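Presented below are the structures under discussion, each in the form of structure tokens.
Two complexes follow with subunit A in common, the first pairing it with subunit B and the second with subunit C.
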Partner chain A sequence: MTAALAEKDSVAAPPPATGAPAPPGRGTRTRRFRRERAFDDVPRWQIYLPLTLYLLFTLVPFYWMLLFALRPAGSTALVPWPLTGEHFGKVWHERSFGMFFQNSMTVGVATLVMTTGIALAGGYALARFEFRIKNAFMLALLCSQFIPGALMLVPLFEIFRNLQLINSLGSVIIAETVFQLPLSIILISGFIKNVPVSLEEAAWVDGCSRFRAFCAVVLPLLRPGLIAVGSFAFVHSWNHFLFALMFLSEQDKQTIPVGLNTLIGADSVDLGALAAGGVIAAVPVVIVFAFIQKWLITGFSAGAVKG
Partner chain B sequence: MTHTEREEQHMRTSTGRRRGRTAAAAVMAGVLALTAAACGDDGSGSTGDEGSGKGEITFWDNNGGPRTAVWKEIIEDFEAANKDIEVTYVPIPITDVQSKYDTAIAGGGLPDVGGVGTAYLAGIVAQNALEPVGERIGDSALKGRLVESMVEGVKAAGGRGDEMYAVPTSANNGTLWYRTDLFEAAGLAAPTTWDAFYTAAGKLTDAEKNAFGYTIRGGAGSVAQALDAMYGQSGITAFWKGDRTTVNDPANVAALEKYVRLYKKATPEADVNNDFAKMVAQWDSGTIGMLSHNLGSYQDHVKALGEEKFAGIPNPTGPGGVRVQVSNPVDGLGLFKASRNKAAAWKFIEFAASHASNSKWNEAAGAIPANTEAAKDAWINESEPTKLAARSLTDGSTKIVQLPYYLPDWNSVTKADNEPEFQKVLLGRTTPKAFLDQLADDLNEAQAEWKQQNK
Partner chain C sequence: MASAVARAPRAPGRRAGAPPRRLPYLLIAPAGLLMLGFIAYPVISVFYYSLRNYNVTKPWRDGFAGFDNFVRIFTDDPQFWTTLGFSARWVVVQVSLQLALGLVLALLVNQTFVGRGVARAMVFSPWAVSGVLTTTIWMLLYNPSTGISRYLADAGIGSYGTSVLSDTGTVFWAAVLAELWRGVPFFAILILADLQSVPKELYEAASVDGAGRARQFLHITLPHLRDAIVLATLLRGVWEFNNVDLLYTLTGGGPAGVTTTLPLYVANTGIEGHDFGYASALTTVAFVILLFCSILYLRLSKFGGDSK
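Moving on to the complex of A and B:
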């Protein structure tokens, strides 16, 4: 490890990470009991009615999208019957959504891998080492969140053009990774801070190198954090429109958000095709969130707040 | 820590610092090199090259998606006729074409040929990115074969006097679509005059049954449609009177007052947020008597209603039976200055604007061809709305109010600045007169600035 970095001297009193909380005393138990009683006394409808209204508010646009995607063109029925797959067939084959999907998946997965990998290294350095410009660096990371992507468009375009990366998925992957990294590094460093240094030290004593100790001891404990950061990187790059529009030109390189926009013409909109494209675009995001929601909540409660 | 360990650590620290400084210097040098290299070639003002007339050219379609199929067909025809030229087709979504051009002008990477509409032509011309094409047209087979009103529209929109910066390929026309089934059931004749329009709007409205006479555009694009309705009713045929705009002329104010009174009385309340997509979808799926939109939505109406239930006519006539309408944007093809193969690029433009290709494209798009021979083709007469629109544009019966698309501020004034104000008019939070006075002030200021810059 470089000598310019002095190890953080926090071995003596590591903060508790994901360890069990202290056993609750009598007062705590009483308070919790009272809270639970108070919750039980609330009539069920006062819980379910607002939740139902909120769900309706959230789900109606999705229903509308499915309705337009699944009912035949020209139908004004409020239920998608008879069902038709014509719009899906049209966007997938005629409007090249199959190709856009593949490109978006490449960008999403590559951004996820690069963001998570680099954020792990950066986050570890911030969490475990003290160095001279650490606070300024953290401040710079935070400040970079205030810069909108559109502002960087022309400089990035020029740089990628000189690197011959225009019209290559690489340009979008790099740009997405760069814009995701600051927040990801901050989040990961928060997660790593919550893992006691003593665990790593125990591994060093057993003969592990720092890297081996990190992989064997720290990494498994970071799973919720990695899933949170990785999923956000994937979903953000999956949905991002601007970089793909500006850096990619040829049709066989374009991504789903750009493809969706090409379904809106100057004077006419094929609503069925647009809705079917919207469903195709939403499916991976819904699947990602369905599988990771447990980890996501654990991840944010364990890392982001305390970070 | 022993003395030796401290010394070792000191050495490691010094070496690390040296390495750090070297790395930082290398990164800085890299960034500077990239920045310096980036300054070398942008899209604006670059003179490009005539090239050999062979090889590859890139074409940006400014309405990518809906027109992709027909463009690919035309490109295939072109490549078959010019075996030594290969065209790379790039579809750009219409909603973002202006920002895509602006970024490419600033950062480089413009195409050889690009689709450009008169609504944003001035901005590209002002950045010195387009090649004048007047001389090339004069030397080509297109000479004398382009619809004069469209040529004038392109010249005016370029804002550089008589010079042309795009070859017109098509135009659209404001159309009043009406439901023939509802009109027949109510015993109404086609709304060919503004009086008939207002009568029909009232008679066809039955809010309890969710039936309305008209759908008004209150969201994106509302100002252009309001201008069309105002000038159509007032009969004023010029946008400028000296250096002042006529938009707040008392006759236009009265016309707008009458027009916005339709809101909620004869239109759905949700119209305040209508952009063209919502407006068309609402008309296609609801019970609404009339809709003002251009020819471009014809296929949507056919899909939703079938050919029997609706018809489209040019805007109603006003005082003295004269039809006045505002100019609709003309679409065209621009040759970019930065092109390194202008000869091949021009061949492509010439081919795309020729009789056969222009006819094919406009038939697919349901628009009016810019090529005079294509405008006489049989398919135009097969679609009644297109036939009537083409006739109204070419037989001299319609007075066109040329909107000042050449003003670089035109889009910001009529969209970002004043569309929310028009919504306030609909909602009764401001008066039509106050709205038009504000719009007039903005336009007069933009015109004065433009004149100052072009002295």
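Moving on to the complex of A and C:
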């Protein structure tokens, strides 16, 4: 690629350098100008047509779920009218989605807090210190990305049974946190590296302890990174299904994905209730997603992922 | 402020001396201990159980089995080969389609046009949706009596009562479509992020030289994206191999077992069949296959090689 680039540069360079007589010079300049405009101006239909098609593919399924959730049972109208809340009332109370929602929230928030806190400590160590097992620790973090949670179910089940945590939300919170940690630590250490050490040193000179300097100087600058890592942790644990399915067998401990799975597997599927349950499952992550969406692109392109 | 002044005398020592030696270890201790207990220990115990007959419903057979489990996998278990084959097909089809569509989508929303912000938010939104919710949505769409097929039949396309999920001929592509819906945004987001770092001057220089959009894409955009694409496909491949949420809830591995992946087979053997020993051996084999394929892929794609 570099070779091709150099070649391009050398080809591109001569025209301005030669200077040349006025008329041809002006000629090349206008032609060049036109070509640059041509590059920028992709015909509108070439953007809007494929985009509209893809948007249909993305949005019709969402619409379909809303349609089933909001129209009366038995209706086949393609517009949810008259609107009804019957399905929501039914899943929330009769199918215990109120309780599932509370459990999912507990798991999500606890995972968010534990993951962010532990990852902050670990990420700070990786970003600011040189120590003997640093490379081994980094390698462990990367390797853990290849370990399938699904294939770890059996030994994890045994561990949690020995810890008396089966049927306790604690097991799911620990499991979600552990599998969320490696990526979070890598991301946060990237964000901390982007904060100049000199800022912290200035605070030390002013007499702050390392911890106070971190809280006062580094932490405020990490806000976008913390929001990204925290939302990942929340969305993942909110969505994750397998750990909750395997570790929580009592109904009053289950989470929303498990509740949805129960609705899906019922002998006669109540489509309205299923759709309403789906909407309840979607609302929190859609809100979080709308919130972090603009940080997603910049956060990744800041090079945090590539280290 | 007062306390800061009072502590001032300690500052010079900290500034001049080496950083505290034990602090980094204390900081990584919580993460390290959790990962040792809940990742490293399970991995080791899987290796250990893979060498044993360990079935909680048959305690009398409990004991060291040597490589018996592995011999059984390779010589006497047709289900291992069919599920492995399905997993491979699933991963290859998913990753290549997700990459192709994600790339197109990223290039599209990287253009400047009216409504770009809203369009981005909408096309990326399925990224945040879980496997079970994807199943919920697509079950509603695929439902033979009230799903899309009914309305298509009303319009004269196809026939009433088409059930794509219970037909062994269509179930694969029905599941592929549902997973694509959720999976494409991941690639689109990563590729779009990487597109931000392509120097604009390269395109200007190329268009001065008369290179068309197709050639600019082939010679500037693609080489620039190569490392990101290799990394994203690898992570996604591993993820698609391991992920069981969607297929478990959408098809349950059926009909007639045609959509059972290797991890689904492992979970069935270990959790429902209570045969922990054999499930552990299957897990070990899956590990080795994943590791081997990952290394091979990184080698073949010359990841982190000459470019950049």
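We adopt the following convention: the second predicted complex is superposed on the first by the 256 of 307 C-alpha atoms of A that agree within 3 Å, B and C clash if a C-alpha of one lies under 4 Å from a C-alpha of the other, contacts with A are read in each partner's own complex, and residues count from 1 in each chain.
The rule is short, and it goes like this: a residue touches a chain if its C-beta (ideal position, glycine included) is under 8 Å from a C-beta of that chain, and two chains touch if they have at least 3 such contacts.
Note that the coordinates shown come from a computational prediction; the quantities given were computed from them, not determined experimentally.
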Clash or fit: how do subunit B and subunit C relate after the overlay on subunit A?
clash
Using the superposition on chain A described above, determine whether A:M65 touches subunit B (first), subunit C (second), both, or neither.
second
Using the superposition on chain A described above, determine whether A:R95 touches subunit B (first), subunit C (second), both, or neither.
first
Determine, under the contact definition given at the top, whether A:D267 touches first (subunit B), second (subunit C), both, or neither.
first
Once chain A of both complexes is superposed, is A:S144 in touch with subunit B (first), subunit C (second), both, or neither?
second
Is A:A175 touching the first partner subunit B, the second partner subunit C, both, or neither of them?
second
Have a look at where A:Q164 lands relative to subunit B and subunit C in the superposition and call it first, second, both or neither.
neither
Kindly classify A:A282 by the partners it touches after superposition: subunit B alone (first), subunit C alone (second), both, or neither?
second
Winner by number of subunit A residues touched, once subunit B and subunit C are compared
C
In the overlay, answer first, second, both or neither for which of subunit B and subunit C A:V205 touches.
second
Going by the contact rule set out at the top, does A:F129 touch subunit B (first), subunit C (second), both, or neither?
second
From the options 94-102, 256-264 or 292-300, pick the one stretch of subunit C whose C-alpha atoms clash with subunit B.
256-264
Using the superposition described at the top, list the residues of subunit A that contact subunit B and also contact subunit C.
2, 4, 76, 153-155, 157-159, 246, 261, 263-264, 269, 271
Can you check the complex and tell me which residues of subunit A touch subunit B?
2-4, 73-74, 76, 94-95, 153-155, 157-159, 161-163, 166, 245-246, 249-251, 258, 261-271
Could you please specify the touching residues of subunit A with respect to subunit C in the complex?
1-2, 4-5, 8-9, 11-12, 32, 35-36, 38-40, 42, 44, 47-48, 50-51, 54-55, 57-62, 64-65, 68, 76, 78, 118-119, 121-122, 124-126, 128-129, 131, 133-134, 137, 140, 144-159, 174-175, 177-179, 181-182, 185, 201, 204-210, 235, 238-242, 246, 257, 260-261, 263-264, 269, 271, 274-275, 277-278, 281-282, 285-286, 288-290, 293, 296-301, 305-306
Under the definition above, what is the set of subunit C residues touching subunit A in their complex?
4-8, 10-11, 14-15, 19-21, 23-25, 27-28, 30-32, 34-35, 37-43, 45-46, 49, 101, 104-105, 108-109, 111-113, 119-133, 135-141, 143, 146, 148, 150-151, 181, 189-190, 192-194, 196-197, 202-210, 213, 216, 219, 223-224, 227-228, 231, 235, 238, 241-245, 248-249, 263, 266-267, 270-271, 276, 279-280, 283, 286-287, 290-291, 294, 306-308
Residues of subunit B that touch subunit A when the two form their complex
9, 12-13, 15-17, 20, 34-35, 37-38, 58, 60, 63-69, 88-96, 99-100, 103-104, 106-109, 117, 172, 276-277, 280-281, 285, 293-297, 299-300, 303-306
